[in-house]
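Shared between the two complexes below is chain A, which has chain B as its partner in the first and chain C in the second.
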Partner chain A sequence: MFELLGIPPQVLFGQLLLGLINGSFYAVLSLGLAVIFGLLNIINFTHGAQYMLGAFGAWMLLNYLGVGYWWAVFIVPPIVGVTGIVLERVLIRRLYHLDHLYGLLLTFGLALIIVGFFRQFFGVSGLPYPPPPLLTGGYNLGFMYLPNSRAWVIAASLIVCLATWFIIEKTRLGAYLRAATENPTMVGAFGINVPLLVTLTYGFGVALAGFAGVLAAPIYAVNPNMGADLIIVVFAVVVIGGMGSILGSILTGFGLGLIEGLTRVFYPEGSAVVIFVIMALVLLVKPAGLFGRSV
Partner chain B sequence: MKKMGIVLASTASLLMAGAAYATDVKIGVLNDRSGIYADIAGEGSVIAAQMAVEDFKATDKGINVSIVSADHQNKPDVGSNIARQWYDTENVDVIADVPTSSVALAVNEITKEKNKIFLASGPASSDLTGKACSPNTVHWTYDTWALANGTGSAMVAQGGDSWFFVTADYAFGHALERDTSAVVEASGGKVLGAVRHPFPGQDFSSFLLQAQGSGAKVVGLANAGGDTINAVKQASEFGITQGGQSLAALLMFINDVHALGLEVAQGLVLTSAFYWDRNDQTREFSARFQERNAGQKPSMIEAGVYASVLHYLKAVEAVGNKDATKVMAKMKEMPTEDPLFGKGTIRADGRKLHDMYLFRVKKPDQSKGPWDYFETVATIPADKAFRPLAEGGCPLVK
Partner chain C sequence: MTTDTNPIAMAAITSVGAAGMPRHHLAIFAALFVFLVAAPFLLYPIFVMKVLCFALFACAFNLLLGFGGLLSFGHAAYFGMASYVSAHAAKVWGLTPELAIIAGTLVAAVLGLAIGSLAIRRHGIYFAMVTLAFAQMIYFFSLQAAFTGGEDGIQAVPRGHLFGLIDLRSSEVLYFFVLAIFFAGILLIYRIIHSPFGQVLKAIRENEPRAISLGYRVNRYKLAVFVLSATLAGVAGATKAIVFQLASLTDVYWTMSGEVVLMTLLGGMGTVFGPIVGAAVIVTMQNYLATFGDWVTIGQGIIFVVAVLSFREGIVGVLAKWLRKPL
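What follows is the complex of A and B.
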């Protein structure tokens, strides 16, 4: 049996697959951020809290209303999206004409408030969310045991990422969106309701975060801090991929998941920083990110 | 009116003791109030300290106690700054709790430098009474050696003689891995490997997969709080136990079991210094505590804060003032007695001695409801529960 750098191949394949699964979360979350930044020019620091809302939404549906996971996958993201729309309408839209920094401060403050509120009511230890029967168990792939829940995460996030990319790059609605990013005044002059478009886009980006939260509920502990830990990494992913680049954020999300997975085999202590090291290197060489256009 | 009471009380004690006068004592409860350890310590520890002051009837005894609290965010630099500020400018006499060993080791040094008192209930590292021991610190509730000794020996005795560790990459995790490895090897088992995960972590699948691949009979989780919860949850997802390996959560709190649910946590063996449902006294305290702490039963850390503050106040009363050297000498001289840990003693190296318990998490059908989670497997007597004085390498006892 051959070995690669002292690691048996089956271990390596297993870790690569796990990296891809973590990459799925990065991809869905950074996609939402990229969509929002691309169109609204808002650095949405509330994204982690909205991801947490998705997981709590699934938990509340199950515990208060007895609604199971599969329904939650469809019900929760739109609800979280609507909470995003309310935030956009009431607060965020007032900052469009100001510097990025104001939007960042506002969304960061909102995130602290939302997380603090949940911490007060639910504590930090988290809440149990039993996986639905279909997601328990798994398959032995020979090189690793793949739980159904993780296989589902990869499949679901790939579908969502590709669908989002398709809508934005290949449909008429997507064309309006991209045009509104380039020149909102001109697009408005053609009779398209740009403010509505912007609001809905924000809602959609937030719904993506909620979706990732629902995916995470049966896997990770459902707790108020779950997003805060993840969001910093996701921001690094967005910066590496290029702010606002849709395809870039998807590819970088999966790619960095893989790299992080490999680091966990060769130097586990470094797995928390490897993404930031890459971010620093990329910023040195390509300040606009791997897939970004320089402005 | 309250002041009048103090005056009367102190006059009374003056008449009785001859030399006593009202003493102002300030206790600082320093812990994680927002992160992964906030539920096992956090506000609950502040409540426990308040309850100790109330139950002791401190004001009646001429001791005016005020309690302050702060969030060290599990960061040694943040914790050190707060400790210095408390001691230097806010006249804090005692710092209590301080989970997160890396922070506790820093506070341990500062307390020694300032000659104050540190009642360590939250931290686990056995170095606090070993090579880093201090004449100003009492390590109250538990330590990594006691956890390793309890859970480690029990697992080896059940046939788990080969181990792989999943370890939190900081002082606490390293100490727990080291102490457990020593116990495993001393009982004839062997350690096949270890992986150190960033603290705090979220995804443990890579590390668990490495543990699975090692073929070890026991996967030892040398981490705590939210990390343990996530690791246990994901171990169940990846079929670790179904594959024939056993999971040893080396530090597990009742709050963690509550968060996991019995379906996932059942069968885990854990070592603890305290369980609310052990006798009438622990039940009575826990019921009062639960009412004040948003329905949560006390963790062993919160119980330790209560008991250590109580013992400190008894020593202040006995000495008649708050001179740190005298009070600490008194604390070590007097046997301890409180409703939560029973009778005990404090050793020269600062180690508090009491019985430890080996518990098993109940199956869902054995549990009568929320918080009814543990069944007792064994009681480890105080003289066997902690590292022998001579083996710790504490310079104070040479």
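What follows is the complex of A and C.
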């Protein structure tokens, strides 16, 4: 096989694949943040903790109830979504009339509480989640080896992202949602229950985080801290993309994952910070973000 | 992030003492000074020094949040990086403690200038996310860079001789050095708040478009207060490295950024003395609950939630309301 700049193709494509996996998580998580931000105008700092809840949900189903991975994919996101709905109804709702920064502080506090509890009861060493049999094999594509588990993560997150895009851009419910984002008072005057819409939107965004958590369980160890560092990178992804457009969030997520993978091949030391460097460049050139509408 | 203080109404009910400082502020500063001079004989000096370092850190943060209206979620970057540089300067370069602290402070100022000039291009929530992301970048840098010692941090930093003369190995002697730094820091912050510059900052916080229409170059003011805040956070971090003889990844991690937000929020943002009270409460809590592991984190989370939902003025803010005097 050919070599590219002295790098064997197996290494290059392997890292690109890893990058695409990270990109899947960036895309699903930043999509959830963007959906929540659009209607609630808060940045959901609890998102990382809710991603962790998704992974723990899958782990608990398997270890306490013997329910396997494929069921967890469908059961856990709604459950995590419901916990989000409870948080929104009981706590977050009280802050809508205040400066949006209070929402950030509240969700930060909630994240500390949730992560603290899981650290206290499950430790920080990480719990293994055995991948289901269907995901253990892989295909040899000639230029690289494609493990099933990774192909599944990329496919599943693409499907979920596109389904979210379809719901928001092409359905009646999505039309209500976009209208309420533009002008909640007017939409309320038309007889649409905007507070309910807000609650459901938060639940949906949180369910997306839970879904990402389930996807992550067999790939990474299930760990209370798994969401904390990830969510900060996702914040940078959100700043780079801007939260104006759904497709923009998806594209930015996958694109930045790929760039991170490429950096790991050519300059491994820079892979942890490359997204932050890109963020700095975007702030210099286009402060509103690549797909953002206003500052 | 606004507090309802109407300077004119407040001035009317506030008697002004010497040097233009309201009498009750003068009295509080004096009482604080007397208490802190006596403190090392009543309390464990290292503990009080820890409170002083974090109180200065929180006051520096409050300068940005409470008076500039800018929520930075990445102040650990300046605190932690200054602490690394000061530890490195004292240990490897063999500088005297005051020079090591100055070196750390300068690095924090430069870092604040670089990050601040990018971050002020965005507002509100985005500003918070940008500062947090840059702080995480500094964390990853600290994790990988050779001079920070990675996971181990920089340990056994010598306290050295102040000005090459006064031996700081005794915690009692060191205490008064730290006390001097703390008082210089908060008096400087007090001066900044009550200067014309501080008044313009308040105007920008309350109504940015109006400040622009009045001809103020808003971004310059924002950047200036950002750099000042980062620099003073750097003083606190650099001093902390000398006191504890340690600089570690904890100082530069996002949890530290969260803690300083919590201290300021709990004490009362936009008040002069609130962050000092908030820092004292949080550090005391960490000290006494240290054996309970993650319950400290949970407790901090609960304080955050309660403070945001029903205690937004903070401890000193509520006191100020009762006394009808700005504190």
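The rule is short, and it goes like this: the second predicted complex is superposed on the first by the 285 of 295 C-alpha atoms of A that agree within 3 Å, B and C clash if a C-alpha of one lies under 4 Å from a C-alpha of the other, contacts with A are read in each partner's own complex, and residues count from 1 in each chain.
Here is the rule we use: a residue touches a chain if its C-beta (ideal position, glycine included) is under 8 Å from a C-beta of that chain, and two chains touch if they have at least 3 such contacts.
None of the values given here were measured: they were computed from a predicted structure.
Enquirer: Under the superposition described at the top, does placing chain B and chain C together on chain A give a clash or a fit?
Expert: These partners clash in the superposed model.
Enquirer: If we overlay the two complexes on their shared chain A, which of chain B and chain C does A:His47 touch? Say first, second, both or neither.
Expert: After superposition on chain A, A:His47 lies in contact with neither partner.
Enquirer: Of the partners chain B and chain C, which touch A:Arg119 in the superposed model: first, second, both, neither?
Expert: So A:Arg119 meets both chain B and chain C here.
Enquirer: Thinking of the overlay built on chain A, is A:Val11 touched by chain B (first), by chain C (second), by both, or by neither?
Expert: first
Enquirer: Looking at the overlay, does A:Asp229 come into contact with chain B only (first), chain C only (second), both, or neither?
Expert: So A:Asp229 meets both chain B and chain C here.
Enquirer: Could you look at A:Ala272 and tell me whether it touches chain B, chain C, both or neither (first, second, both, neither)?
Expert: both
Enquirer: Applying the touch criterion given at the start, work out whether A:Phe108 contacts chain B, chain C, both or neither, answering first, second, both or neither.
Expert: After superposition on chain A, A:Phe108 lies in contact with chain C alone.
Enquirer: Look at A:Arg150 in the shared chain and tell me whether it touches chain B only, chain C only, both, or neither; answer first, second, both or neither.
Expert: A:Arg150 contacts chain B only, not chain C.
Enquirer: Please state which segment of chain C collides with chain B in the superposed model; the candidates are 147-155, 219-227, 255-263 or 291-299.
Expert: Clashing stretch: 147-155.
Enquirer: Which parts of chain A are in contact with chain B and also with chain C?
Expert: In chain A, positions 119, 229, 269, 272 sit in both the chain B and chain C interfaces.
Enquirer: Quick one: in the complex, what on chain C touches chain A?
Expert: For chain C paired with chain A, touching residues are 1-2, 71, 73, 118-119, 121-126, 128-130, 132-134, 136-137, 140-141, 143-144, 254, 258, 261, 265, 293-298, 300-305, 307-309, 312.
Enquirer: What does chain A use to touch chain B in their complex?
Expert: 8, 10-11, 14-15, 18-19, 21-22, 119, 123-128, 130-131, 137-138, 144-145, 147, 149-150, 219-221, 223, 225-226, 229-230, 261, 264-265, 268-269, 271-272
Enquirer: Per the contact definition, I'd like the list of chain A residues that touch chain C in the complex.
Expert: Going through chain A, the ones touching chain C are 37, 42-43, 91, 94-95, 98-102, 104-106, 108-117, 119-120, 228-229, 232-233, 235-236, 238-239, 269, 272-273, 276-277, 279-280, 283-284, 287, 295.
Enquirer: Can you list the residues on chain B that touch chain A in the complex?
Expert: It is residues 34-40, 42, 169, 195-198, 200-203, 205-207, 209-210, 212-213, 225-226, 229-230, 233-234, 237-239, 243, 255-256, 258-261, 263-264, 294, 296 of chain B that touch chain A.
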